[in-house]
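Chain nomenclature is as follows: A, B and C, assigned in order of appearance, with residue numbering initiated at 1 for each chain independently.
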Amino acid sequence: MNQFLQASVNGITLGGFYAVMVLGFAIIWGVMGVINLAHGEFVMVGAYLTWFLNKQYGWEPFLALLVVFPVMFVMGYLLQKILINRIIDRSYLISLLVTFGLSIIISNSFKLMFSATPRTVDTVLSSFWRVGGITIPMAKSVVLIMSLLMMAGLYLFLQHTRRGKSIRAAAQNREAARIVGIEIAAVYAFTFALAIAFTSASGTLISPIQPIFPFMGPALTLKAFAITAIAGLGSIPGVLLGGLLLGLIEVFVATYVPGIGTNLGVVASYVLLVVVLVVRPQGLFGSLRPAEG
Amino acid sequence: MTAVTQQQPLLEGRGVSKYFGGLAALSDVDFTVYPGEIMGLIGPNGSGKTTLFDCLSRVQDISKGQVFFKGEDITRKKPYQVAHLGLSRTFQIIRVYNKLTVIENLLLSQQWRNKGILKQLRPSGQQMEGRAKELTDFLLMSHVIKEKAGNLSGGQKRLLEIGMALMPDPDLILLDEATSGINPTLIETIKDRIRELNSKYNKTFLLIEHNIHFIGDLCDRVFVLDYGQKLAEGTPDEIMNNQAVIEAYFGADGDEGDDEYDE
Amino acid sequence: MVKFVQAWRKYRLGKWALALLILFLFLLPVPQFVAPEAKLVTNSLLFSLTQMFMLIILASDWNLIGGFTGYYDFGHAVFFGLGAYGTGVMMAQMGWAFVPALLIGAVVAAVFAILLGSATLRLRGAYFSIAMLGAFVAVREIIRVLRPITGGGSGLTLPPYLNRPLFYYVLLLFMIFVVWVIWWIRRSEFGYTLIAIREDEVGAEMRGINTTLHKIVVFTLAATFTGLVGGLWAYQNTFIDPDVVFFDSRTLDMVLATLLGGLGTVTGPVLGAVLIYWLRDVLWANFLQYHLIIQGLVLILIVLFLPEGVLGSFDPNSGTRIGGWVGKILREADGETEETANAAESVEAPV
């Protein structure tokens, strides 16, 4: 029973991270129709920035959000203007290939700069809470709380601000949005910048609880795709549920499949991905934008 | 053009319905097409004509009801299986393969008759190429046989589509606005060809048409859809004088919007 | 120029040039047998060419499913890996001879392609691409986990057999065979059925084509060829582990070569593979640290500025400036030799 509870707690904390990690991916896909294969690399970049501030200046990892978010917002904005803008209206192969190329460039540049050695980030939140027979690392619970706060913030932003509403309008019907006077190019640039900032911020969140290395990206991109496929686009509660589902599955596979469990996390998420895509292509909780064209 | 009654129907729909979310594109439509007929399908824009064709050729799922073709239930069959049974169609928005030549387009639409992929590995089947040549003669296109379909005019593409529909020697051909966007001479050609196919080769046609003279000249019977429901059925003359039909087309709330259900 | 094109056609110079090239490639290792000490042709040159032939085959396979059928497979290297491991496990763990082990490798790749394809080929567009990328990563992890069979992360060592000229000839013949098969497919009804699936799959289905069956057949064919290359590679490399076999950029090489040469052409992937191999050699020799970064940049630049590929840009229908110029010359040449013109060109134009 304790093992089960412990696995559930671990799964939920992991799932909370997944949910916030996947938001940027789902937004870029939903609003701009671009599937960002460099998504995981932006998580990695955020994590490395945090690690750098932590090692160099002794910053507490969660404090690094104050730097990571604005810096990556600007990076995202520039990247959209220089590169992504050129591929928005082209076939999906083009956007897949360009972002694939981008992911290779980013991950290998980071390998050059910081070597392939896995890095860890120190935090003062290294103690545990004990509830009954289960232990909850403080850092993980803070990550979960931060994830939920960030998601809630994004949700409120999209629902209640003028900017947020124009993003949702552009996602639903670009032509109509243009007709009612929404400047699509500006919306896209802002959306991409925001999504990249969120993605990198999730890298900050993961940094105290997992080792960081330059090639951590592709597995995360794949999970982002799996979760988006499960959740459907355009539904933040769906993303939360999808993230939790994936987190729980991974932890339970690791706990209950003897011996070889931990490495099968990626496999579990992949199997889930294919099953969901084949059985219910529009996602479990919403409708996916058609990826053809 | 003989009057056909008491025969086994070639195509029969019973209560065919199609819903898109809460919207009923077709509701409880019954129809029968008998062998050797030319049947017209008319209705204002958005009345569900193309949706019905899509359901018959099985690219759209049928939400409710059943469709029988040659006595066989095709409600749940796959599109290619329906084609193999002898039902072929053309499209309102032309769907030829622009990057293939005319003859390749024609051979393609009959390629399944080869039975098996290994046989498709021959550069080309002689007897089939013969048939494709015959068809291009029949449709007055033999001079463009090696041309890429993308280089053809709109009218020629329509003819090519009809050719592609005829290639597998089907029993029933669904024509979706075969005359739209082409010149009057070509319309006459198409009319002659349909007549010849019907009388000489006993092909059955179901055609969606806006050109009322075309319908009047060709069809034995016509049925009318409006808002996804069957409004009337009868000979062309009966239909032209039917009050409900006239209202649907020209009436006070005659909705002439162009929101046709198609891709 | 017009005269040249006419002469080219009249004397079928294309065929002669191809025959000469093949003859040259066959005779190339001969100095190695006759006068090895002269070092006219070194083993390392033969090794390089062997690697290049492999890349040509891999790119051609990818083109079959990606270029002809329009299903962009972002994890095609999974079949390379399965072929390599199928062969490697049979040789290292079961002590089989190479040839039967290679066949097992090919069968593993083919069976996996049928099973995986039946699920993933139902997906359209990007969903297929990413499902395949997922398959690639997942299989790599599974192989890492199945330590008792695959040796896990520490890999397997195959009995070494270092006969460079033999590998050279085997790969040369295999490459010629694969390109020939694809050229044949392109001319056949099967080939333009694939193109029809790429251009309008629903339309093809309504015209009586069992598109799922066609997709699975072509996918399995491409996977089998790729698996055979994987098996040959494993034997030649004498060592396999999950990271060298499922190397991250292996699929990228195939995609890059195909795009650079021209998607959906027979000769495009061949030309592209030669260029990519050469580029990679230069990069490896001079910028070992940066070669992947540069490869990523090249990918982005090709996609943005040369979407038709090198060969595709020469196609009169491509709308490029070079294409227009080629078209003009061809039309002038056509003026005088009408009948010989069509036959040769129609096969090579990208479709």
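One rule holds for everything that comes next: contacts are C-beta pairs under 8 Å (C-beta built on N, C-alpha and C of every residue); 3 or more make two chains touch, one makes a residue touch a chain.
The structure displayed is predicted, hence computed values, not measured ones.
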| item | value |
| --- | --- |
| Shortest contact path, chain A to chain B, counted in steps | 2 |
| Of all other chains, the one whose Cα centre sits farthest from chain C | B |
| Leading chain pair when contacts are tallied as C-beta pairs | A-C |
| Rounded Å distance between chain A and chain B, as computed from the means of their C-alpha atoms | 49 |
| Euclidean distance of C-alpha centroids - chain B vs chain C, Å | 42 |
| Averaged-CA centre spacing for the pair chain C and chain A, given as whole angstrom | 34 |
| Residues of chain C that touch chain A when the two form their complex | 72, 74, 119-120, 122-127, 129-131, 133-135, 137-138, 141-142, 144-145, 248-249, 252, 255, 259, 289-290, 292-293, 295-300, 303-304, 307 |
| Residues on chain B engaged by chain C in the complex (per definition of touch) | 57-59, 78-80, 83-84, 88-89, 91, 95, 97-101, 104, 107-112, 114, 117, 120-125, 146, 148, 164, 168 |
| Contact set on chain A toward chain C in their complex | 35, 83, 86-87, 92-94, 96-98, 100-105, 108-109, 112, 215, 218-219, 222, 225-226, 229, 260, 263-264, 266-267, 269-271, 273-274, 277-278, 281, 290-293 |
| Interface residues, chain C side, partner chain B - complex | 184-185, 187-190, 192-193, 195-196, 199-200, 202-211, 213-214, 217, 317, 342, 346, 351 |
